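Shared chain: chain A. Partners: chain B in the first complex, chain C in the second.
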Partner chain A sequence: MSFDTQIVWQNLPSLLYGLRLTIVIVILSLFFAGVIGVLICAGMLLGSPVVRRISADYVSIFRALPEPIIIFWLYYCSPLILNTKLTAFETGAIALAIPSGAYLAEIFRAGIQAIPRGQIEAARALGLPPFWLLWDVLVPQALRIMIPPTLGIVTILIKNSALVSALGVEELFYRANVLGGQTFHYFEFLTVTAIIYFMLILPLSAAVQFQEQRLSARHR
Partner chain B sequence: MVSDKGIARRGTSGLAAGAAFARSLPIIIGLGLVAWLAWGVNWSFVSNLDFTVIYKYRVALFEGLVNTVWITFASLLLGLILAIIFALLANVRYAPLRWIIVFYVEVLRDVPLVVALFWIHFALPVVTGISTSVFESGFIAMALQSSAYLTDAVRAGVQAIPKGQWDAADALGFTTARKWLDIILPQAFRIIIPPLANIALGYFKASSVLALLSVGELTTVATRISNYTFKPIETFTFVAFVYLVLGYSLSWLTFRLENLFETKRI
Partner chain C sequence: MSSRPIASPSGESSAPFIVCENVRKFYGAFEALKGVSLSAARGEVVCIIGPSGSGKSTLLRTLNGLESFDDGRIRIGDVDLPGTHRQILEVRREVGMVFQSFNLFPHMTVRRNVALAPVRSRGLSWVEANGRAERLLRRVGIVDQIDKYPGQLSGGQQQRVAIARALAVEPQVLLFDEPTSSLDPEMVQEVLQVMRELAHTGITMLVATHEMGFAREVADRVGFMDGGTLLHIAPPREFFDHRADKRLSAFLSKIL
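== the complex of A and B ==
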């Protein structure tokens, strides 16, 4: 067994092109997930009882469903059900966003509810207009609580983006498999891919652990 | 004074109007989304769904479910054993060993399960010369990755045990083995149950990732049936329902388990 660095160097541009698509799909689905998260969170906190119920059900259902099932369901079923055809890339981005949106909604809700009621009352007592109450009082405090778990969701999203390769989206993992199959150097390409994923996720997960330690130290 | 009241009243009325708007906004957006989706749906197709395909392939689906449960249970068991060993080794006063464990945990946590799975199936045989079946590869991948998460959980549980317990064990002259087996681990296990249940639920879900290698668990079976019968909606909706029901019952079960231990402690 020997690690053939030559072949990895030769095909590195192709791998990095896949990495670019991985990053694009992660950012895109993170954006969709953020929109879903804000809507569902607003539904859970502000909605009428029926809307609350639906939002809470959305969260509990899509947190319990395995991601591959959501991805396969959308990929195989959306062309049959919908009149419009989605590309594999669009399907993948939406399928990744649906469960992440559920997680984000729960994070946003927890972040907002963690703010002491007295902060809102104090802001109102000072006659702060609603926008500034939101912008100067609620958002800075909620963001501080929300950022570490949101980064955690980003790491999960990067990991799950590898599943989209099953739909033929040519992201990093797909490229690694194709190059491995073409050159019979699975060992090299899969190892390099694993290292790239590791280097992508390590800073994020380290930041999450650092933040969590700092937060828990402050609460102690 | 008057102006103060005025500001306060204007503030609250503005807040009320804002709240009313914010309250109706999700409903408006939600209804708009539903209308948009309903407009895009091919209703003539949806009305002709044929769920008899589930009954026809019930044996295959049941076998897939058994495989899912079996691979989840077995890999978590091996993962837990590995995790306890690593958590014990993390307490050894030999720094390089601790670094190796930290590195192992971090690498396995930060690499996607699919990548680990394919690496074990396609790359590991190049190193070891032993090729594994897809089921074995799936089992090894899940066991190794869950062991990384479980090591963290076990380590946190051990650290949560008060210093007094260690001191008491030392004062009573317990051997290291008895100290761990009789005092530390049983107490740690009680603390570990909630994170353990979370990880178990996570890996029940994650086992469907193994379908990318056609390991033969529920999602693989669903993909095969849907490809063979051209009835993806029926198959995947049913399988999603099975995952939901099992996942919910599992989380209900762990909730009861936590309560049981909680009452025992008091």
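== the complex of A and C ==
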């Protein structure tokens, strides 16, 4: 068994095109997930009892469903009842965002609730106007708590983006499969693709570790 | 500490700065304050003692609007609480608070903790506020820790930073909510010493505490609260030596 670097170099542009699409779909679904996360989190913390209930249900339902089910259901079943016809690409981005949004909502909620009451009281007792209370006291502390688990969600999102290849979206994993099939060099293409995914995720894991070390150093 | 009478420019310094009349406060069906009346003149030091759950903290927290109240009247300077949004911010700048659990901002340096409110509440520049922070931290003896984070300090040091932070907006009044109760015994004195020095500067202090020695030595008046009622208030000598109230003498005999 030899590793044919030649064939990889020749087809690298095609593979990198897939990588580009992977990055676009991750960024897009991350954006949607962020919007969903903020809305659901606000619903859980500030909503009326009904809204709270719905928000909590959203989280528990979509955390429980396998991503492929959501992706396929949205693609094949939703047009039957929702009168929509989204492209495979759009479906993929939205389907990935739906469960990620549920996870993010939980992360945001936990981050905000983890701030001790005394912090808000101290800020109020100092006469800080509401905007500065949020800006100087709440937001920085909540962000510090939220960043590591959020980066974890991004990591999972990058990995799950390979699932939308099943809809024919020509992202990185799809391209690797196609190129492997066309050239009979699965070994090369899947290995290189694995390395590309790893390189995408490595900086995120490093960032999580760095952030956590910084936090623990400061708070002992 | 320069005391700068903002409330009444006409400034009869003998008029009480804080007036509570028949203040009542409910948590659901539980009556936490059962009609408390208390006033404090400018520069007066009032210590309030009493068992846990007697309403000391609740009373202090109504005075800067951290807790609402259901009946009665609270007047701080010229403002009747609850007051408008703007008024409550102004009251909080005049009535600082030191908490049992310090509540320093853990993500800011000591310097920033102290300088923040002067900038955000009083409109100072960061340069001015940092200078003020340095002076105040020197006064409470922690200037050498100025660039550390609260998590790197001992409890006693943190509480002294919290006092500096409260002083930084130049309040007329400081409320102390059991400031030494969560400290290790060896750190209690360093905080009490700062408070003792503060008491001589003309700032008005209301102190909920279990430190009887401090109350006897520093307070102008000592009050005893039990079950949501201010049962007795008197100058310390009279308070401790005559024990006018039966519940007070029971309480004192338990802890002295």
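In this text, the second predicted complex is superposed on the first by the 207 of 220 C-alpha atoms of A that agree within 3 Å, B and C clash if a C-alpha of one lies under 4 Å from a C-alpha of the other, contacts with A are read in each partner's own complex, and residues count from 1 in each chain.
Keep this in mind: a residue touches a chain if its C-beta (ideal position, glycine included) is under 8 Å from a C-beta of that chain, and two chains touch if they have at least 3 such contacts.
Since the model is a prediction, treat every value here as computed from it, not as a measurement.
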item: Between chain B and chain C, more extensive residue contact with chain A; value: B
item: Contacts of A:128 with chain B and chain C, given as first, second, both or neither; value: both
item: Partner chain(s) touched by A:82 [first = chain B, second = chain C, both, neither]; value: first
item: Contacts of A:137 with chain B and chain C, given as first, second, both or neither; value: second
item: Contacts of A:118 with chain B and chain C, given as first, second, both or neither; value: second
item: Chain B/chain C common contact set on chain A; value: 124, 127-129
item: In the complex with chain C, residue positions of chain A that touch it; value: 116, 118-119, 121-129, 132, 136-137, 140-141, 144, 218-220
item: Of all residues in chain A, those that touch chain B in their complex; value: 1, 39, 42-43, 46-48, 51, 54-55, 61, 64-70, 72-73, 76-77, 80-84, 124, 127-130, 133, 155, 158-160, 162-163, 165-166, 173, 177, 180, 186-187, 190-191, 193-194, 197-198, 201-202, 205
item: Residues of chain B touching chain A in the complex; value: 4, 7-8, 11-12, 14-15, 18-19, 22-23, 25-27, 29-30, 40-42, 45-46, 106-107, 109-116, 118-119, 122-123, 126-127, 205-209, 211-212, 219, 222-223, 226, 232-233, 236-237, 239-240, 243-244, 247-248, 251
item: Footprint of chain A on chain C - complex, ascending; value: 64-66, 89-93, 96-97, 99, 101, 103-108, 116-117, 120-121, 149, 151-152, 162, 165-166, 169
